[in-house]
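Structures for review follow.
Presented sequentially are two complexes of chain A, the first with chain B as partner and the second with chain C.
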Partner chain A sequence: MSIDLSQFHAVFFEESFEGLDVMENALLELQPENPDSELINSIFRSAHSIKGGSGTFGFISISEFTHILETLLDKIREGEEQLDADSVELFLQSVDCMRTMLEALQAETEPDTTRADQLAIMFQSILTGASAAEAKGLDVPATGASPVIQESVLPGSDSIPDSLAGFHIEFTPEADMLKGGNDPVRMMRELATLGELTSTPDTGALPTLRDMQPDVVYLNWCMDLHGDMPLEDVQEVFEWVEGECDLSISRLGGSADSAPEVMPSNVAEAVDHAPDGTSTAATKTKADEQESAKPIPDAPKTASPAKPAPAPAARAGKAESSSIRVGIDKVDSLINLVGELVITQSMLGQMGGSGEVITDDHIGNLREGLVQLEQNTRELQDSVMRIRMLPISFAFNRFPRMVRDLSLQLGKKVRLELRGEQTELDKTVMEKINDPLVHLVRNAMDHGIESPNVRADQGKDETGTIVLNAFHQGGNIIIEMIDDGGGIDADKLVAKARANGIVGDNEQLNQEQKLDLLFAPGLSTVEQVSDLSGRGVGMDVVRRNIQELNGSVDIDTELGKGTTFRIRLPLTLAILDGQLVTVAGQTYIFPLMSISESLQIDEKLVNNVAGGGDVYNLRDEYIPILSLDSIFGLRTEPLSYDQSLLVVVEAEGMKVSVVVDDLMAQQQVVIKSLEDNYTRVPGVSGATILGDGTVAMILDVAGLIGLAGNQKTMAAGEIAGSAA
Partner chain B sequence: MTKILAVDDSASMRQMVVFTLQSAGYEVVEASDGLLALDAAKSGHFDLVLTDVNMPNMDGIALVRELRQLEAYKYTPILMLTTETAGDRKMAGRSAGATGWVVKPFNPDKLLATIKKVIG
Partner chain C sequence: MDNVQQDKVPAVAAQAASMVDTINQEGFQDLQQFLTFVMEGEEYGIDILNVQEIRGWDNVAPIPNAPAHVSGVINLRGAIVPVIDLRVMFAFNEARYDENTVVIVLKVESQRVNRIMGVVVDAVSDVFSLSEEDKRPPPNVNQNISQNYINGLTEVKGKMVILLDCEKLLDIENH
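Moving on to the complex of A and B:
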């Protein structure tokens, strides 16, 4: 039977990456001076699984490397080797290295093993207790030889005429051999497949029927196996009962003195140890076999390259298709709901098909059915959404390692606390929030948390704390990044912004606006630009990424006490809380998150800017007025301002207002991609289908601002500047 | 139909084993660790148990030991899926009562051949 193993690759990669995360987290938690054996066990188990899987699925480079790792882990587990900070570091680097290699394999490319080879040498030097240089000369060739390849050499010896006549086998099982599930009949059956078998049972030990126990072996056998078969095959038959029987195998027609050398243990043990690469017996056996194979030169040559070949061939599957692991309870609840839906549907169908005169009763039942259908639909929707939901721990898990590495690099002491790791959010949202979170944590490590002596001087704990906290609030997920560092000096921000021309010299800002400058492009308050952050590219990107997810970010900060960044995100990208508006008889939808207020227009507050559009004086703040009529070319004669409403929206730190004819309901809408179904339209982020079946466009506020052109906004800036 | 209990904490290995066995016409029940396997074994009958060694909660060796305590599994063939390095653990498995082992890495054909050896 041929089974395409590539169908299991996706699962293998997924669980291997999970395994690496487990290893990484356990390594970070480990205290080398007092190692927790359960943690070491879990590291070992993960490495072991990755090794087993990679070997089975043909990823030899991974299985070879994991093998060395596992050997050391095993020794640590058995107490033969000590774990120290250096080896933890080495293991952590190995985790990174394996991750990179697995990623390469997942992308169906050949992984670069340079780093793995270097690490392997270091592991070997620990294992042999020799210096790294010595290890290099001694053991590297051995580790290079794969367990699989070595195995593949053995079959090469198949063609050696070990015996033309066959073997004489004397087999005396121990009385309780049956208890291990090993039946002598099975072994004889197997021997019979190798050649012509004649066996003579010795019934001498057989008790009377009355005394006979069914689970005791009373017999022993003398067997002659005729034919041309290798010794290994015969030994393999008895492999599982070694130590539970007296066994002697000798060549038929051979000289008597050949008997001792073919006792099963020799070769079998050598094979066992061969992959360790440390056993000289193994290499010797291998060498011997290759030498003895010389008369048939083709055999070993074809044997060795034959093995790696299936690996590339097996990679027929696409690495692209990403998968998601879903808890069985979620699937069960989905199936349950679909069941209910079917019941409701058949109930409604029965009513419709009854063909009788419609009575009030029928209408009542129909209404009831529709209510039920609505409920089913909503539950089904929730349930389907939940399938895409993953606990945020997937995003949080990378931080312990990052914080550890960064604190070493920066010479700071930082403790990371993760809270609410089981809080679930959409997989796509999670993927997109990763980078902003990384940036925020890096910033906090770099600029927020002070160095230990500064903290001590201020009477703070030398070890700073960074908390990542997640929880649900309404239809949103809130992710907080809290540090107990120095806080953000808002006035420094303003000074910097003024120096960079981001803020006018005389412009007055409130606290919120001052902190908002943190997200302005091209601003950094730290004089010394470090490697990690502080180049001023970042915080603006952080905010943009969050806004692209229809989310927002707030800052709370207190000088000397610390800072809290609070990110608010929708739970899913598939559904949006929208504000329906009408313009020229068309319905448009604003993401509710982007609306700061809606108001009736006071025409006295509308100013026309020469060469630009109109601006609105909103509590002394001048905001450009955008007209959807002109942007989308709807009407040449829009309604006058006193017949319209103004929706003030915010995007990318900029406020604009949009004139609409009327405000309609607020409702959740399912986002359909325009790009997938039609083509990308500037100013529109997607579409949805409303209850009455009409299609409504979802407005892309940032895009609208771009569409309106810089003219108006610049004009507004001039007015704002002169008014202030 | 011959019923096999397949135990492995690695989902990919388990899927591969299950798929192979099912393709060969066996009925398969899967478990992801020793404890779950023991529950499954108690609530059904199996003609063969195929178990990984290194697993959380209850490892393969402990599972074999527990199974052998049960009247229904006293003589049932139990095969361990083990790596080629774990020589001493093979022995530990056998003294716990395992029938034999399949050495990882293995391919589907090798797995089926070994299984046919024990259940004919």
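Moving on to the complex of A and C:
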């Protein structure tokens, strides 16, 4: 009986990714000089489960690779091998490599094993005695007994000019290389363009004419390439076939001291090599796929050139994970609550069914029952919301690795402190807050924390500190990113902003407004643009992402002392604090976060800007007045200003005011999608169901501003059109 | 909720159920069942498999800047479901809402369209079965009802019934 294993794939991937995270964290905690055996055990266990799972599901590339990893870990565990910083690095790289391969498999593509093969060889070499450091340098002695493909790289190739005399190349294609669209003849032609090529085919494996297959390679070659060319050029010729051949490149007249080091590009898969002189044009149709293809019509076989490199596992194709792991305690508490709810229901039911005469007693009991019901409902709601909640450690856990890698890269000493990792927040919020956090931490590392000597000069600890702190406050979660670096020079920001024309020459800004410039697009105070940051894109994206979550971000900074970014987010995306308003008899909801104030309209302060609609003079600030009546096409004759109220809202750094007929209650509303059964509606972010069962639209302030802008442009166009 | 619904739903449902029984007993497997409704005196039919339920007319919350035939959205047991008025969509007279006005909640799950939507009609009338050969192609004339939504015509008890294509009806982006 066969079982369809694919139904378990999702679970396998989820567990494997979790396992990789465990491995990564344990590796980061591991002190090579004094390895904690419990940590090594947990790494080992994770590797073992991944190996077992991948073996079961037939993901051979993963299981083979994990096997090598596991063998080494086992030896380390037994004390037969020593762990050092280099091998920890190697393990970390393998974790990355396995993650990439698993992602590829998850996207149902073939994983690229080149990296894994390289790592595997390094691990092999550690196992056979060399130290990790040597392995890392790729100086791996050829160990395989089988015809190992050797692509030797001179160790001192920096000191010895590449162009000394040329290269000796041993090239043994796999039998089915032609099927992949690669043609040895073309590669030799390519080589011949680099220098003087002499090649000797080995026809030993050539079968009789009768047994010969037209699309099988039976030959291998020894080639001498004389001339002045860099090694990379030679390697490039074989770039596309690395995995499909045994290849060894060594320098001609190579001195004895530089014994060819091998980097087997394909671990010893013995191939039947045989001449292929008779191959026919069987493979020509593949030729169109090539990138660098030069059709060779006259060649005995018109094979195709290199096949395109396997695309990196397309991240885009990665399916959104749709499952969530819930602690059994949360489920248990749900079941308890449902139990209580049933009891309350039966109690109320009994009351409703008993006694024809309603006494005061009955009413009292009924009220009590209703109070209980209300409490049950609220607890049930909380519990259900909690199911979607995950501890923020899911988002924080990637930072130790990132900080470690970045501090090495930047030559800075940084210590990362995580606080409040158990603070829970909605899964969707967590997914969306990840990128902004990464960006903030990178920024802090790149230009917040100073280099060790600068810090020493200023009398600070050479090691900088970055703190990620999460905690609950009211219905919000606050995430703080605190660094003790140089702080932000607000005046420098302003100067830069003036230079870029973002701030006018005569505009005076307060501290808050100055720091706000940090989020302006296209502004960076770093003179040196690095690949980490400084391009001035990013901070605006950070704020936009946070605002999309109905959150906000503040900055506190002190020059020379450090900076604190404080992100405030709603606990969940499913529920929103809303301000109910009525316009034209309909109820609409503003997210409370977007409202800065509400006021009665003083008509004297309403001014009309030619063609641009009304503006309101709010404490000497002119704010455009938007009318839902015109934006949504509700009433042709809206209420007059003295019968209306004004709600001042902010979005994407813009302040506008919206006229409403009346303000109603503030309450939490459950956000429902309009798109499920309808389409996206501009100006509306969703709908909700009010206490009386009716539906109300939740307004999207940024969308409203956009709509109003469009209408004005259209109106202007009409006027222009009618005038013409 | 008004009482129209309570009156109509059981009646139609019972009719449908008895219909199914008959079909099963007689073994007419390839018969297709249609629910018919009335608009402006004409009878229209839709595949009964697309009908989720029938409700009385209830107040709707208007959708900003929606086309005129999209009346708004209703709360269908916690789901936000848009309601379109077929009478407006097919350019009949001004839609009236009275105690006979009903909303047929349609559900289509196909590759192109996957949604639940209510359609407003004057009244629900009947359920009948139809085999493929009884269907006639839609007329090739320019009626005031948009040709695109007609699946075919048929005759029931001497009266013409216009069969509508639910998938196209609910494909609101391409109205």
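Keep in mind that, in the parts below, the second predicted complex is superposed on the first by the 491 of 724 C-alpha atoms of A that agree within 3 Å, B and C clash if a C-alpha of one lies under 4 Å from a C-alpha of the other, contacts with A are read in each partner's own complex, and residues count from 1 in each chain.
To be clear about the criterion, contacts are C-beta pairs under 8 Å (C-beta built on N, C-alpha and C of every residue); 3 or more make two chains touch, one makes a residue touch a chain.
Small disclaimer: the values here were computed from a predicted structure and weren't measured.
Peer 1: In this superposition, which partner touches a larger number of chain A residues, chain B or chain C?
Peer 2: Of chain B and chain C, more residues of chain A lie in contact with B.
Peer 1: Under the stated touch criterion, which partner chain does A:215 make contact with: chain B (first), chain C (second), both, or neither?
Peer 2: Only chain B is touched by A:215; chain C is not.
Peer 1: Kindly classify A:696 by the partners it touches after superposition: chain B alone (first), chain C alone (second), both, or neither?
Peer 2: second
Peer 1: Under the stated touch criterion, which partner chain does A:608 make contact with: chain B (first), chain C (second), both, or neither?
Peer 2: neither
Peer 1: Examine A:643 and indicate which partner it touches, taking first as chain B and second as chain C; both and neither are also allowed.
Peer 2: Neither partner.
Peer 1: Based on the A-chain superposition described above, do chain B and chain C contact any of the same residues on chain A, and if so which?
Peer 2: Dual-contact residues (chain A): none.
Peer 1: In the complex formed with chain B, which residues of chain A make contact?
Peer 2: Residues of chain A touching chain B: 1-3, 5, 7-9, 11-12, 14-15, 42, 44-45, 48-49, 51-53, 55-57, 63, 67, 70-71, 147-148, 151, 178-182, 186, 189-190, 215, 239-240, 243-244, 269, 272-276.
Peer 1: Going by the contact rule set out above, which residues of chain B touch chain A in the complex?
Peer 2: 9-13, 15-16, 19-20, 23-24, 52, 54-56, 68, 74-78, 81, 83-85, 87, 91, 94, 97-101, 104-109, 112, 117-118, 120
Peer 1: Which part of chain C faces chain A closely enough to touch in the complex?
Peer 2: For chain C paired with chain A, touching residues are 59-66, 70, 72-75, 78-82, 115-117, 172-173.
Peer 1: Taking the complex as given, what residues does chain A use to touch chain C?
Peer 2: Residues 586, 631-634, 672-674, 676-679, 681-684, 687, 689, 693-697, 707.
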